[in-house]
Structure formats: structure tokens, C-alpha cells
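Below is one structure. I have some questions about it.
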């Protein structure tokens, strides 16, 4: 019965949004409970769906309601259920559930407590729809609503200038990608005449789309994915988005919304696989982002920003995997990363909750004694992401590296390994600075967070440890990779050893630098490579560049257009022409001499002209 | 044939009268030339077998109109009539008028209807039509006359301290 | 016999004389006279057409009727015009039309 | 019921006129009575417009609810025939939507003008006259009355803006209400001159002696040569285009919006600008199909300029009403593009966009009017943190803003997506260019709306610079109006099917007519 109820989770979340939005002000607690209850129901439904899905041979189900019908063009709400969407559904409902439970405690006492949960419901509804819907236009529909949810949650504390600016930045940046995405979708529609994903694949496989259109449209779709997944030129919104409440970062900017881009590319993989140039581009962007964001994560002092850059970096890793058509490894890493990163963000939230919102890691240190649960779970998360065997992060990263090695060869693998090294380094740096070392005096009164917050942490930590089981073969379950892509996972021992060594080197390096406090290396770096350090600390000045482009070019241009409109179109085009008529009137009125004879003569003259004209014609 | 000769004579009178109106240097002569032209017109009417209208013409134009104009002359100063007679750009006017005349005559010749079939309009028929079919316009015309009468009085009435 | 064209040409000449007078005369009273000339020219034309049998009876009667109306309107116009001229004379002590250019720009 | 059904269309015109009369005979000092009469009459009209929507039978389509009255039919005396001028009323799918829109905007507009203190009686008389004209245009199938009602809806605007409007001083220039009213009227009259010429030309060329659109439509193929159609469609396009805010004849519209009082802005941007596009459909595309067919690329280019140019202009403004005004220009560009696409999708989208934009912009002006009323300024550089002070109004504004940037789930998306699809499908690869520009225009819309929202509504209110004593949120009536509009936006965005069906039934015959000329 599970599969036939797939349409229920988005609907109940949507209903929950409406209900809680209407009553959020009056009864905030009730709205939070409604929201948590609906997401819990969704999660339970997911379990039913999963069991049903595993036990049946069904690849996808159809379930359609018309949204717009214009003669032969139908846009219908339908569900595409395959292993990919089931997986994503599980990740989303699980993380959303845990984050919402966590938020009950975290957001307690906030003046817009109820509203927070209603937006969460909206977001959950939209996100679930994105992964379930079988239709590109409606995918875009939900995709945009996801953006709206993110906008509302980042700008949740809109009184803060930074928060409202960050929300705006996030929305506009992703919107630029969305413009491309929409154009891409419509281009596909233009040549296939349908939005239905499986029909599009069918047509594309039979060569129904010309190569140029295919390349352009997949490129545009990838631009949309880049916007949502914060890939290189569009990455600027994600670190700023940390202005939102921390659980929001855990949900949206670690596990779900940013994963939507990866999901989109994975979903459209049959199209991408027909466009090799675009795949190369995907690899390039993914790899570049992987390393590029990793460098920035090393130098940031804000705990959430470090995590944000780490997220960008890992999303780059997934994109790279997708570029090599490694859908299964990318999605596996997506899940593992989502869970670990959610854990890290929630841990950071737990720190901030106890430290009055402090996010600067230089003011932390030695917190492992004060907040043991937070600390341990946090360490588990970071070790998992750093790729230490046998935590799940290791397996997923390794699976991607293997794909890269097999498809791209050593030339791509080496930079990817460098990125992996960076990723281990900054994770350990973060952990060591925050939880080890000496306790700062200001932090002596810090204690452990309440149970509602630590419980999700513990659950997530357990998952981070045991998720790797998914990869293994257990009875009838042949492993996650098989689940997604139909072929079994395999391990390359050499690669395992090598990447493990790298991770341990990073661990030791971080230990020397941050625990033993051997400042030598850092001082050397900071003094000799000052320009480089500043460059990275200032995020490569990309934000400034964009700000410059927006302020100096776009806004200037807009002001020019506005001025042009007022001065040229209006004042010269309209007012001057009316003035010229007035001027003409001033001159022409002199004809009115008031002398009757003149009038009589001109009248006769006019009469003659009329007659003659008539006669000639 | 005789009627044609009479027509030419009367036409000459009419045209002499008209010319007198526009060329005379004395306004009294001018008004009497007008009288001549109007009476000539009445003669033409008779020639064209419209006796009733000829009588009307004599009564109204020859009687009333010229009288009124003479009254107007009497009520205004005519000492400086010389300066009022002609203006210095008369050549343009003359040229334009001649042109108009030529155009008119050409037009007349082009739409020429060859007929010499003079006939009477029966007075009884005429009066029947006038009062039956044209009754309402006729009444309106009388109303216009009344309004004009009142209007003339209003225009000429001295309004207290208005000066 | 009298031809229609004779009447028409007489009428045209008379009309043009009137027009010329209107354009050259300065005295308001003389201009008025010229207008009367023009109206009479028109009347002659109407009667001329009405006098020939080539037209239907109702058309011919219409010619006569219209002349009646023209005469009426001429009388009306004359009455008002003389009234205006006298009022003008009272205000300006002149009937020179050139001095009346209040209606200019 | 049958009686109502037979006469329902004339009711839409008569009710506002009756309202105007009732208000006319009410003493002016009974201010509240005047307003309640206005409210009741407009509510009844609103109900009537919904009834029309329900009574129209989508399955049979075509022109329904016909009603006619021989206004001037002099047998024989009429120079070209004996049918004369008749008042023919009828609706097709397009007019049904427009009537519904007018009903909504009229009702909410009355609620939004509750705070008019100055000669409210005269205000409402003119307001109702204006709306009688608008309804008349939408339901009449006779070109003469079409034009008559069109002029009737333009003229009260002059007084409404000129008397109840507001003059504004900006840093570098100023706009008086008299200037705006004058400009608006002159522009629209200039447009109507062109329209009138074209209407008379069509009337004479058809030679039926009748202004009836349905009858003339039957002889289009025989009587109207291509050349004639092109010339007249050009005049129709420019003439009605002026009213639709077509570039470069758009400048009357932002200035008019800025100076007009709230409810007049609502009607102006919400309904009056739609008259332009509606006129292009009803007279241009119906009676001059071949001309329309050959001139559509020009309209497409102008519409595209409208979209991009309007969006950039809006981005460069610092006055809330100017931003909204230029956004209207931009959005009307979508309507023109949709019409010009000559695709069923695009055409349907254009009409849906007319409806959607009407509601959205009414909500916009409702919110801006309320903000101006309590803050006494519309300068985006001064306003800050309005969300804290006026939560309801801010929510209205933000929802309208999200609609205008095409957020899915709100009506703007459903309309714009259809237009995009239509434009992309048309004109081969040029269509891709135009379509991409249109989508990019929507992106720019997002930039200016979000900048505005973040600047004006978020943040902490600045106590020094703005008048804080007067921080009223929406009144009861403004709230009701806003909620009605928001509800419609949501409904039209989430479940557009009934509206789309309605529009498609009206659009299909016109489009096949236009394409038939190929």
C-alpha cells in the first residue's frame, strides 16, 4: 500500500504550511507540533514506500492530476518513483524530521516561532515535490518554491541587515541559475513537445533532439543545478546564507536544497550522457569547486562558514562524480554528506545555542569537557567527512574517487586527491580548534544542550557511523550502488590505502599545527604567502567582484535606463514634442490678425485650391 | 427672342447696379446702386416666371432691406467715407475673384444643361408644399426671425452704466 | 429664348462682384450690401433652375421654397448685422472694419 | 433566473451607472452613506461578474449571453445601410475573464478608497462612471459602443487624477498631478484618434452599414484586402498599444500611477491597461486577421523591449510607485509578447497574464497606497523596516512582488510559463531569442523586487527619518481587499485549470482566424 500513498507527504506538508501559517501567531507551539507531526508521518510513509518499493518490481508509478491543459499541451502533477527519488525522499524526510525536532528546543522563545515551522513545512513540501515529480515544469515549480523556503528561512531574522541581504543574495543568485534552467527546460519542450521526464528520455534516446539543442539545454539545466548547488561562479550565496538560524543551515544548506542541484543532474543523467561536452564541463566545474572551496574552508574563522565552504566543496565532489556519470556514487555521497553535514551544523548550532550565538572558532576551545555529547557527535561527523576509515564518509568519498580514477584517469585523480586532503585538513582544524586546546575564560559557564537537541545529534552520529553498511551486501540487499544503478560496488585496495594515508597525514598535520600549537608552519605561510592568505581570507574577492558588477554595472545601467526614460523618452520625446506643438501654436496664432479682409481673401484662396485640387484629381 | 433681349437689358442693369455697389465712392450712391441691382433681380424673377418671388423680392429687398441700410447710413457718420472706400491690396482680390469667376464659368460650361423649356411653378402647388411639406422648417424660420428681432434689440439696448 | 446657362453666368458674375466687394470694402455697411448681392446671386441661380421643366415638380418647388428661406435668413442676418454695426459705431464711433480686430490672437 | 441570465451583461454596465446616480442624489455630507452605497453596488457588480463566469458555458464556447438594443437605426436615412448603430453585448472566454477581473478590482478598489475624505461623493461618481466604461468595453460587440465606452473609461481618469491625485517632488524633478493627468489623457486620446480612424475605415470598407463586430467578421475575407488590413492593424496596434503601455508610448503610465489615488491606480493598472491588449484582440485580431498576422513580429519586438526596458527602468527607480509602475510596463510587455507569439499557448498565457497582472498590480497599489498613507513617503531610500510596523500590508506587498517575479504557486507563474512556451515555440529560432529575453526579464524582475523588499520591508525601522506617530497598519477594509486579492492570486496560481479552460475557449477561434490568413 505504500507506493500508492506517495503523493501524501507533499500534500500533508503543504496543508501543514497553510494551517500553521494561518495560526502561527496565535498558537506557536501547536504549529510546531503540527509541522513535526506531518514530517514524522512523511517519514513513516517513506518507510512503507521503501519496503513496498524493495519488494516490488515497479520502476515508476504514474499518478496524474491536470495542472494546466491548453489543447494538446498538458502539464500534469505526476509522480516518478524510482530508486533515486525514493532515496532522496528518505534523506529529506529524515533530516527534516530531526532538524525540526531539534528546532523546537533551539528556536524556543523566538517571536516568530510558529512562522519558523510553517516555512519548514513549506520547504519540506516543496523539496519532496522536487524529488518526486515526473514533469520538468512542475519540477521547476517546486524548485522555485524550495528557493522561496530558503529565502524565507535565511531571512528569518529579517531585522538583521545581514540576514535580509543574505536572503536576497541567495534568492537572486539561485534565480540566475533558474533562469537558465527554465530556458533549458523550454528548449527541450520546444523540440520534444513534452515535459514528462521519462518521455523526454525516450525521445532523446531515439535521437529526437538535435545535438545542438541537447548540448545547450543540458548546459542550461546544469547552470540551474549550479545555482542551487552553489557551484563555482554561483557559490557566493551559500556562506552568506549562514545568517539564517543554524538548524536551517543543517536542513537546507547541507542536506536538502543544495543537494537538489545534484539530484537534478542525476535525474537528467540520460540527457547529460548524450552531451559529452557538458559532462566535461560538469567535471571541470565540480573539480574546481571541490578544491577552490576547500582552500577557503581552511582559513575561515566562522564555524558555520567553514562548514558552508566544506559543503560547497563536497557538492563539487558530487558534481565531479556526476560528470563521470557516476550517479550512484554521487548520490551515495550526497546522502552520507547530507547526514554528516547536518550533524555538524546541528552540533555547531548546539555550540552557538550555549554560547549566545558565538560563531568565531578563535573564541572557542577545549569545549569537549563542557559539552561532551555535542563534542563527540561533532567529532564523529567531522571524522566521517574527513574520510577516516571505517566511517561512512570514507566509503562514499572513496567510491567517487574510484569512479574518477576509472573514467578520468590519474590526471583528474591527483587534483581530486589534493581536494580530499584539503577536506580532511579543514575538518580536523575545525574540530581541534573548537573542542581541544585550552578552555577560554568566557566559556566557563557553558553546559550541554537540552535533550531535544542532543537526541537528533546522537541519531545522526549513529547514522554517520553505520551508513557505510548500506554499501555492503546484506542478504537480499545488494548494496546501495546496486540499488541506484544496478551494478555492484567494488573496491580498489590501492586507492583505499592511498587515500587513507592522505587522511591520516592531514590528521597528523592538523594535530601538529592546532594541538601542539607549532605555529611555525602557519607563521611561515602567513608571512611568506601573505598575499595568498589574504586572497583566500577575502574569498578570492569574488563577492566584491559581484558586488561591483551589480552596483557599478547593472544598477548603473538600470539608473541609466531610468534616466534615459525620463530625460529622453519622456522629456524630449513627450514633453518636447508637446512643447513644439505649443511653440507652433504661438507662431501660427499670428495668422489670426483679426482683419476681416485677410480672412475673406484666404477663404477664397482656400476655396479655389480645393476646387482646383478636385478638378485636377 | 424678345425675352432674351429683355434678359440682357435687365442683366446689364443688375450688373451695373452691382458694380456700383463696389466701385462707388459715395456710400449713398452705393446703396442706391444696390437698390437697382435688387430690383433687377426681381425683373429676372419675372422673366423666369416666378412672379410671387419677384414681388417678395421687391417688397423685402427693395423696400425693407434698402431702407434699413439707409437708416444705418443715417445713424452713422459717413464723413470719412473716402478713406473707407477701397483698400490697397485690391489687385490680389481682383485676381482671386477673376480666377474664381473663371473656375465657376468653366464649371458651368462643363455641367451645361441644354434647355429652353421654361415653365411655370403653380402658385397653389407652391403654397401647398410650403405649408404642408415644409411647414416645420417654415415655422422654425419664423422662430429664427423672432430670435433675431430680440437679439437685435438686446444688442442695441444700452445696459445701464456699461459704456 | 433664355437659356439656363445665361442665368447661371449672370449669377456667377454677380456673386463674384459680391465677393470682390467683401474683400475690398472697409465699411461694414458696404460689406453687408455685398453680402446681399451674393445672396441674390444665389437666389437667381435657384430660381433659374426651378424655372425649367427638365426637373421634377417637387425639385422646382423646392427651388422656390429655398429662395423664400434665403430671403428670410437674409432679413434675419441683416437685422442682426445692422444691430451689431450700430453697436460698434456706438463703441468705436467708426464703422471701419479694419479697426475691429479684437478677435485676433 | 432567466430574466437575470438574459440581461446580465447590460447589468454590468447599468449597475455602476445606477451606483453613480444613487451617489449623485445622496447628500455629500453623508460621507459614510456614500461609501456604503459604493461598497454595496460594487459588491453586487462583483457577484454579477462571478455569475457571468459561472453562466458562461465553456463547452459550447463562442459568443454567449447575447443582448442587443437598436439604439440608432434610421431606415434609409443612414448613408450606408439600414442597420445603424446597435448596442450588441456578448461575451466570449476572454471577456468573461476580463469582466471577472474588473469586478474584483472594482470591489477591492472601493474598499481601498475608504480613507478618501475630500469630496468622496464626486470621487465615487467618477469612479463608477469609469468602471461602467470599462465593463462596457469588455462586453460590447459593437465597435461604436466599444469606442464610446472606451472614451467613457478614459475621461473620468483625468478628473480622478487631476483632483484626488498627489503631486510629488523628487530630488531632481517633480511631477504634478495636473501634469500626469494631462499627459495620461492626451496620450490616450491620441491613441483613440488612431483607433477611431481604423474603426471608421473598417466600418466603411465592410459596407454593411453596421458596426457589429460579429457581422463584420463574416465579410472579412471578401472585403478587406491585405494592404487595408495592415494599415489598419498598425493603427489599432499603436492606438491600443498606447493604452497597454507599449514602448515608447508608455511614459504616461508610470507618471499616471504615481499621481493617482490608490484605488484609481488599482483600476488604472489593473484594468485600464488591459483594455489596450483587449482592444488589439477584439478589433485588431478579430477583424484584421491577415494584418495581425503580418505585423505580429513588430509587436513581438516592441513587447520584448517593454519587458527588458521596463524591468531595468524599475530597477533604477527610487520611488515605490514608480517601481510598481514600471513593473506594469514590463508585465504588459509579456502580454504583448504572448499575443504576438500567435501560438495557442502564448495567446492563452497573454490573456491569463492580463488577469493575473490585474489582480497582482491591484494588490501592489493597495499596499503602496497604504504605506504612503501612513508613512507619508514612498522613497525607498528613506523607508525601512516596514514589516515591523505594518505586517499585513507588507505581506500583501511581498506576495504581490513574488507574483510579479513569477514565483510558482502564484498566478504570475502560470501565466508567464504559458507565454514563455508560446514565444519559444513561435518564429523558429528567433523565438528562442525572444523567449530567452523574456525569461531574463523575469530574472531582472526578481532583482528589483527582492532589492526593494530587502531594503524597504526588512531591517529595523529608522525612527528618525520617518513619521512614526502614524504607524497604522491596514484598515479593516484594506485587509479584506488584500485577502480577497491574495486568495485569488493563490487560487489562480495553484489551480489555474478553470481559468485556462475559459480563456482557451475564447482564444481558439480568434487564433485560428489569424492563422487562417496564412
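Note that the chains are named A, B, C and D in the order they appear, and that numbering of residues resets to 1 at the start of each chain.
Keep this in mind: contacts are C-beta pairs under 8 Å (C-beta built on N, C-alpha and C of every residue); 3 or more make two chains touch, one makes a residue touch a chain.
On a predicted model such as this, the values are computed, not experimentally measured, just so you know.
Engineer: Is the C-beta contact count larger for B-C or for A-B?
Structural biologist: Between B-C and A-B, the larger count of C-beta pairs in contact belongs to B-C.
Engineer: By C-alpha centroid distance to the whole-protein centroid, which chain wins?
Structural biologist: D
Engineer: Most remote chain relative to chain C, going by C-alpha centroids?
Structural biologist: Using the mean of the C-alpha atoms as each chain's centre, the farthest one from chain C is A.
Engineer: How many Å are there between the centre of chain B and the centre of chain D, using C-alpha atoms for each centre?
Structural biologist: Chain centres of chain B and chain D, defined by C-alpha means, are spaced 61 Å apart.
Engineer: Nearest whole angstrom, what separates the Cα centre of chain B from the Cα centre of chain C?
Structural biologist: Going by mean C-alpha positions, chain B sits 5 Å from chain C.
Engineer: In whole angstrom, how far does the Cα centroid of chain C sit from the Cα centroid of chain D?
Structural biologist: 56
Engineer: In angstrom, rounded to a whole number, how far apart do the mean CA points of chain A and chain B lie?
Structural biologist: Taking the mean C-alpha position of each chain, the two centres sit 97 Å apart.
Engineer: Can you pull out the residues of chain B that are in contact with at least two other chains?
Structural biologist: 87, 93, 96-97, 100
Engineer: Any chance you could list the residues of chain C touching two or more other chains?
Structural biologist: Counting only residues that touch two or more other chains, chain C contributes 19, 23-24, 26, 98.
Engineer: Mind listing each pair of touching chains for me?
Structural biologist: According to the stated criterion, the contacting chain pairs are A-B, A-C, A-D, B-C.
Engineer: Can you check the complex and tell me which residues of chain D touch chain A?
Structural biologist: Within the complex, chain D touches chain A at residues 173, 183, 186, 248, 250-252, 255, 309, 312-317, 326, 344-345, 348, 385, 387-388, 402, 405, 407-409, 413-414, 417-418, 420-421, 424-425, 431-432, 435-436, 439-440, 442-443, 446-448, 450-451, 453-454, 457-460, 495-497, 500-501, 504, 508.
Engineer: Residue numbers of chain A touching chain C in their complex, please.
Structural biologist: 589-590, 592-597, 600-601, 604
Engineer: Taking the complex as given, what residues does chain B use to touch chain A?
Structural biologist: The contact residues of chain B facing chain A are 87, 89, 92-93, 96-97, 99-100, 103, 107.
Engineer: What residues of chain A sit close enough to touch chain B in their complex?
Structural biologist: Going by the criterion above, the answer is residues 597, 601, 604-605, 607-608, 611-612, 615.
Engineer: Residue numbers of chain C touching chain A in their complex, please.
Structural biologist: Result: residues 19, 22-24, 26, 31, 97-98, 100-105 of chain C touch chain A.
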